[in-house]
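The first chain written gets the first letter, and so on, giving A, B, C and D; residue counts start at 1 in each chain.
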Amino acid sequence: MVHLKCGYWKRDSLNKPRTGRMAHAQPYFKAIWDQIGIVWEDTLGRIGMILLFFFILLALFGPFIAPYGAYEKCWTPDGKLERMQSPSWRHPMGTTYYGRDVLSQVILGTRQVVIVGFVSALMVVVVGTNIGLVCGYYKGNVDNLLMRLTDIVYGIPFLPFAIVLISIIGKGVSSIIIAIVLILWRSTSRVIRSQVLSLRERPFVLAVKVSGASDFRVIYKHIAPNILPMAFLYASFAIAWAVAAEASISFLGLGDPNTISWGQILFYAFLTQGVTSPYWWIIPPGVCIMLLVMSAFFIGRAYEKVANPQLRER
Amino acid sequence: MRKFLITRILYMVLTLFVFITLCFFLFRMLPGDPTALVISPSLMPESQEVLRAQFGLDKPLHIQYYLYFKNLMKRDMGISFIYRAPVTKIIKGKILNTLILMGLGMTLCMIIGVLGGTVMAWRRGSKLDSGSIIFSLAFRSTPIFWSGMLILLLFGYKLDWFPVGRMHTPGYGAFNIWDQYFNIDFLKHLILPLSTLTLYYLAGPLLVMRNSMLEVLHADFVELAIAKGLHPLKVMYHHAARNALLPVITLTSLMVSYSVGGQVLLETIFSWPGMGKEIVDAVNSNDYPMAQGAFLFLGATVISMNFLADVLYCYLDPRIKYGEE
Amino acid sequence: MSNHIVLEMRNVKKYFPVRMGLLKSLVGAQAQYIKAVDGISFTIQEGKVMGLAGESGCGKTSTAMLTLRMIPPTEGEIYYRGKRISDYEGSRLQEFRRSAQMVFQDPYESLNPRYTVFDTVAEPLLIHKFRDRHEREARVTRALEQAELRPPQRFFEVFPHELSGGQRQRVAVARALVLEPRFLVADEPVSMLDISIRAGILNLLKRLTVDMGLAGLYISHDLSLIRHICDTTAIMYLGKIVEIGPTESIIISPRHPYSCALLAAVPVPDPEYTRNRLEVKGEIPSSLDIPEGCRFHPRCPFAQRICRENEPSLMEVTSDQQVACYFPRE
Amino acid sequence: MSSEFLRIEDLVIQYKTREGFIRAVDDISFSMEEGENLGLVGESGCGKTTAAKAVMKILPANGEIACGRILFRGRDIVPMGPKEMRHLRWRKIAMIPQSAMNSLDPVHRVGDQIVEAIKAHRTISTKQAKMRVQELFDIVGLDTNRINDYPHQFSGGMKQRVIIAMALALDPSLIIADELTTALDVLVQDRILMQLNELQHKLNMAMIVITHDISVVAETCSRVAIMYAGKILEYGDLTKVFKNPCNPYTLGLLSAFPSIVGKKRELISISGFPPNLLHPPMGCRFWERCPFSTERCAQESPPMVKVAQDHFTACLEIHRIEEMRSLATRPETWRTRLKPLKG
């Protein structure tokens, strides 16, 4: 488009009064703020952000809201186990085969999912971005080696790997996170690398090199802020991925047996009732997984427009 | 082109090699006695001795590694504790079950994704477009085991339109491969898992095709094609879609890798007798030779599919075929 | 005007090895080199601008990178104010970076989109450890002032996308000036700008070189722009300087057939003027495979036997104009 | 029905953006004769490419012809349907797009892309079409052995020639050449311009040359239109416009442009930048940057007036033209008028 190439329609902002300056974090600060703004502008992105916020609150305050404990057995006043009760005032989402309150389980299960989602997404993006930055910036042998490694990791099927790994190193939240991080960094690093490859050739990078900037400075102060949109995009995908992965692993009975999670609720349902499970037992946790994953996807889709301006509606 | 292929083949072999090595070390990280890997505690002491010698478990690590490779070349992956039969034999009986379900699912995804994505990009911003985005993303967000459960619950259990899980009606004995896969009974069992699989993975190719199509539609060569006075359909398919297809091909290899994971869950839910269900069962019953065999096999599938996608990409993109200068 | 030489190149060469596949190197194939710069010598004096002209791929940009020591030369020596910088490394190189700066071709690409004008211009100061915030601000203000961005304070918090092309290029000039360098390279600084504002940037660069006593290297394929700003001009072809001398004499009486062809090909904004074209054959060969003898002979309309066999070196035709040709034009 | 070859009347083209409508081309009119070369000169964003695209009706999806007529051999193409347009494109009007480098489809052979253009309009066999492609390659000076190569195997100048060959394929009566030589080296640029000029005279094609480079226009065109911020400011016979400019902007452009011949003179630079077309100024588009503008210029949009046979200009202060001409070559003239930015 002709008129997008030149910036002179935007010069009005020159006339805005300017206040004091922000410190050195400014490039990052501005980048991050821009990203959030753009996601908020997108309808689906906004829905995603609201949903995500809701689940974070649930994870934080779950224990204060949940009426029963996760593994607490509920008894009727006359001392009978409340097995497979359909929804009622006492148990809005019914009870399980073991007489546990589904609502409480769903609320309390949020925490592990959110922790796994965020921690592993953060680790994935930090690892993947740094590998991508180093590969793309230095090229040559380092790049070759790390990219071959990426290719190899691309050859490893995630879930089978996670199953085998967990069966070897033992069940637990950390095992799940390790399994996710060991595999998922590959796509982030590959995408970031290709972005860096083109960024490093941009004159503004050359300009600071001419001024004598060190490699570290060039990478982290000049290139990195420009790949943030991409890193954010992959972070949101990584959240979606990690949540789904956690659910799958827990569903296969490989989660931490002492910590409730949505996948685990479904695991017990499938274990005891198979496909004849009652709806109140399997619908709520499934819907929660779906909504959380979807919120991350929606945010990611809104980000994609930052990373790829062609997709932006004009 | 030839140079590209040779390097790709070398890479594939390298990747396979590293993967197999990784597998060796992974399974030797097992807590406790490494013999647990190949020797079932329920075996007779004499046969335990035989196996110990065969796998050289009394020898140093590098010799074990050599033996591991040698046995692998001879297609000997040990004996399953549960089945009490060679792992290779069990895998052989289940390979096709997995590959057929997965292959059909991926093919369907690709075809629907590419055609649908093109239409969505064409009608960008329409109800059809945004509806398809939300629909496909919703399915992509639904865990495949959960949607599988719901589908089974609804169409199998409640409505009783389709059988509830498995690949054949119990008691069905197939005489040959033809008989196993080309009959109504199999088809009936296939429909539910196949649609679950397709719906789950559809979002990938669909959205990538749509986005890449939108990008290509702004390309200068598309503008020139319009200026040439070509029919819109020709512009759309001969120029735009043909170029937009390339990123989708790249996606295929990723999708195969993901879908192997999905296969594990799907086969568990639908009691589909394939490798995915096998690896879960094996892990749950500490049948390590079986788990290792299944893991090796699934990894090899992913690696070879990645290779095939690379070759296809090379075939479709002349810039690689005829060497970028 | 003083006569101090700021930069001197002595027979500098830069060969880039061609990346070979693993297979080829195993077979032991001869390593190939791109001879980007193949033995050039020139000097630039204080307050003077030298123009470097030639087609794309002739080694102009590599030469610029060599003078800035962004890449080390394969052979030859580079002197900056008498000091041999061609083998500088580490802290001494870092020290040299303070005194040599560059302005780039594309003002839309040469500013980091995530940096404000202030941050962009102050970055070289931070790199060179100017810790005092007030000093930084003073220097940035002065640099913007020198680049004619007035009043400077109003541009501090502005992002590049809010500026016009000309303003961006001025920011790039300010960034180059903020360390008070002695040597400035400009790589096609106006070719992406609108015609109506080109002269503004050119005049600015010219004035700064004279006022601040800078030595300038101006790279362009557009001889009419070179004519406007440069004191001396060198014409490059395939990694070599084929002609060098005062700009006006090269423009008015080029001696090398290549220079003649190049000058004759420049369109003239006068409808009544008819040019005398000088046809040269074919396209510029690859710098992997430089012709024997005079490297221009396959395309030269006047080539003789000697041109195919021997390579001419730069010879004086007048007191200050040198040309590498056995049969210079009159 | 007029017998004119191409006539554009009161053409307005706008782009819909999030901030509002941008009038990229605002009420322009010009005409050209059969076999004539018209130069459309202006700086980036002045609407010259948009105007040219409108002639082929290949505006981007958010652009539309808001009003005006485009008469090609007497027929208005604005209301034409897609089918009619397809019939017209390439067969009658061909184009050499701005980024010829990226205009070839990377996944198809160059020869096939030309064949495709031929076969879209003529019912001939592929073999015959291929023969034609060989002929065309010969004409533009490309190796005929390379018709089965892919675009990435060609250099920039060669790709440009492929596009020219493609443009010539159906002997169109009008070629729109957008920044034909901008990305090319001088020697290649010169050769391509020369070839195109020769061919054009031989085949009697008309050409719209879109460029920011007034020297290219001076050498290839017989008439010229100077555009600024969506408007034509001066228009007419090339020699008259160049030798006798009647608009301050033209004067500025000519004085800003360096020349390789003649005496070395100082170049001027017009301070300021073009107006924001989201909110174009009420009066003359150039008034903010014009050293000769008055209060009236800020209020009234100047009409196009005839100053001589085939020479029109849009300037309210045209009576001061002699003064302008004498001052325009001095750099100080253009520096003084720095309007305060509105707060």
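We adopt the following convention: a residue touches a chain if its C-beta (ideal position, glycine included) is under 8 Å from a C-beta of that chain, and two chains touch if they have at least 3 such contacts.
What you see is a predicted model, and the numbers here were worked out from it, not measured in a lab.
Chemist: Compute per-chain Cα centres, compare each with the mean of all protein Cα atoms, and return the closest chain.
Modeler: Central by C-alpha mean position: chain A.
Chemist: Where is the C-beta contact count highest, in terms of which two chains?
Modeler: Greatest count of contact pairs is found between chains A-B.
Chemist: In angstrom, rounded to a whole number, how far apart do the mean CA points of chain B and chain C lie?
Modeler: Centre separation, chain B to chain C: 55 Å.
Chemist: On a C-alpha centroid basis, what's the spacing between chain A and chain B, in Å?
Modeler: Distance between chain centres: 24 Å.
Chemist: Cα centroid separation between chain A and chain C, in whole Å?
Modeler: Chain centres of chain A and chain C, defined by C-alpha means, are spaced 48 Å apart.
Chemist: Any chance you could list the residues of chain A touching two or more other chains?
Modeler: Only 5-6, 8, 11, 14, 313 qualify.
Chemist: Using the touch rule from the top of the page, what residues of chain D touch 2 or more other chains?
Modeler: 44, 60, 273
Chemist: Can you list the chain B residues in contact with two or more other chains?
Modeler: Residue numbers touching two or more other chains: 218.
Chemist: With touch defined as at the start, can you tell me which chain A residues reach chain B in the complex?
Modeler: Residues in contact with chain B: 44, 148, 151-152, 154-161, 163-165, 167-170, 187, 240, 244, 247-248, 251-254, 263, 266, 270, 275-277, 279, 282, 286, 289-291, 293-294, 297-298, 301, 304, 308, 310-311, 313.
Chemist: Give every residue of chain B touching chain D within the complex, in rising order.
Modeler: Residues 218-221, 223-232, 234, 238-239, 242-243, 316-319, 322, 324-325.
Chemist: Over in the complex, which chain D residues touch chain C? Could you list them?
Modeler: 43-44, 155, 157, 185-190, 193-194, 212-216, 218-219, 238-239, 242-243, 252-254, 256-262, 264, 267-271, 273, 331
Chemist: Quick one: which bits of chain D touch chain B in the complex? Just the residue numbers, please.
Modeler: Per the touch definition, chain D meets chain B at residues 56, 58, 60, 82, 85-91, 94-95, 97-99, 102-109, 116-117, 120-121, 149-150, 152-153, 163, 166.
Chemist: What does chain A use to touch chain C in their complex?
Modeler: 5-8, 10-11, 13-14, 18-19, 21, 24, 26-27, 30-31, 202-204, 206-214, 217, 222, 225-226
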